[in-house]
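Data block below; observations after.
Letters are used for the chains, namely A, B, C and D, taken in the order the chains are written, and counting of residues starts over at 1 for each.
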Amino acid sequence: MRILYFAWLREKIGQGEEVFTPPASVTTPRQLIACLRQRGGGYAAAFANEALIRCAIGQEFQPLDAPLGAAGEIAFFPPVTGG
Amino acid sequence: MRKIAVQPGDFDANAELAALSANAGGVASFIGVVRGDAGGRALAALRLEHYPGMTEKALERLAEAAEARWALSGCTIIHRIGRLTPGQNIVLVATSSRHRADALAATAYLIDQLKTSAPFWKAEEFADGTAHWVEARESDETAAKAWL
Amino acid sequence: MRKIAVQPGDFDANAELAALSANAGGVASFIGVVRGDAGGRALAALRLEHYPGMTEKALERLAEAAEARWALSGCTIIHRIGRLTPGQNIVLVATSSRHRADALAATAYLIDQLKTSAPFWKAEEFADGTAHWVEARESDETAAKAWL
Amino acid sequence: MRILYFAWLREKIGQGEEVFTPPASVTTPRQLIACLRQRGGGYAAAFANEALIRCAIGQEFQPLDAPLGAAGEIAFFPPVTGG
């Protein structure tokens, strides 16, 4: 699974992209966040407050409790601020 | 006619609006510009980051939604990325229609939706060297939802 | 900043929008364009007549009303007169503001009001040589009154 | 008093402007229209249907029953169609 990070999540984690295979028990973005947070350091800081995290699965906005399914690409980022 | 672009470079508003005006009665547009200050402090620049691939899809979807809702003859969305200084253009949303009400409403709709549903993020760089990521505004959520 | 002009020549949308963008967060605009047909018939040209002196006063008054109602940093109205062929610009209304909602609403307001309260008259010249004066549209009255 | 005509009123009357001193009994644009209509010809044609006539006194839109007062300039025209 390819995981992308944008804006301050990217900065706190220290990279914009990584490949990661979560345990089979991880079936939602929220569970993936919990799993990544356990790595501590930048991950713990980036994912400290779930209320500020949004995600996209396969380049579509999804709630944190959506099924990950067989997603090849998931992205985490703060609420968008373009325009 | 639909044109979607995400690019570091500036756009030529004259050319974009002229391209939309063929066979239309009117062309409405909105251009977002980097302000000279934020929260009372002098701004040196904005840095704009986006999610390549997803951004273009999100903007295409917004254009489709506007075309379904209003009778448009054209729709253009150009959003810049990278480092932009005060006075520079950030975004152009423009639509054309036979009757002005469609273009005026569709343009307001598109910029309101873009603010909350296209994956762009802004960081503000201040004159004193500090920088921070802009937080999403409640008022933008409210404006976007008002169209539902 | 306010600019009002009534002129035979075209305007440069780039220059006008750029002039408005200084220290604004956004610039909204509407450009009215000569259509290629009217009532199902091919149009050769529009002829635009106005009431010199009164027109400028009426447009200044509209700009004042918009500036009183919304927080604008700038307001530009340019209306062409004379003979204009399909695809040519007729009118530019543009406003700038710190927050986009003000500029978007003020621009829609100004074009709606201009249609019913500035002394311009249009005649349509058809490809077959006939011409007639355009009649005022009920829908324009309705749109203008909706702002009251 | 300077009287101006625009659009099809100008065309039917055959001139865009004239100087005219109405009788003292004429105190409103509607009365001025009645007075001009009596000239017949283009005037009768231009002013045949008052419902289509709008006016400005001193370059301000006014209803046809507004007082003329000491207006130096009055204009008659159809409903406006700019923009």
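FYI, a contact is a pair of C-beta atoms (placed from the backbone, for glycine too) under 8 Å apart; a residue touches a chain by one contact, two chains touch by 3 or more.
Bear in mind that the values here come from a model prediction, so they are computed numbers and not experimental data.
Taking each chain's centre as the mean of its C-alpha atoms, chain A lies 48 Å from chain C.
For the pair chain A and chain D, the distance between C-alpha centroids works out to 73 Å. Put simply, the C-alpha centre of chain C and that of chain D have 26 angstrom between them.
Listed for chain B are residues 32, 111, each touching two or more other chains. Contacts between chains trace an open chain of neighbours here, each touching only the next in line.
A complete list of chain pairs in contact reads A-B, B-C, C-D.
Interface residues of chain C facing chain D in the complex, by the touch rule stated above, are 32, 48-51, 53-54, 57, 79, 90-91, 111, 114-123, 133-137. Interface residues of chain B facing chain C in the complex, by the touch rule stated above, are 12-14, 17-18, 21-33, 35-36, 87, 89, 96, 98, 100-101, 103-104, 107-108, 111, 143. On chain D, the positions that touch chain C within their shared complex are 4, 6-8, 10, 56, 59-61, 75, 77-83.
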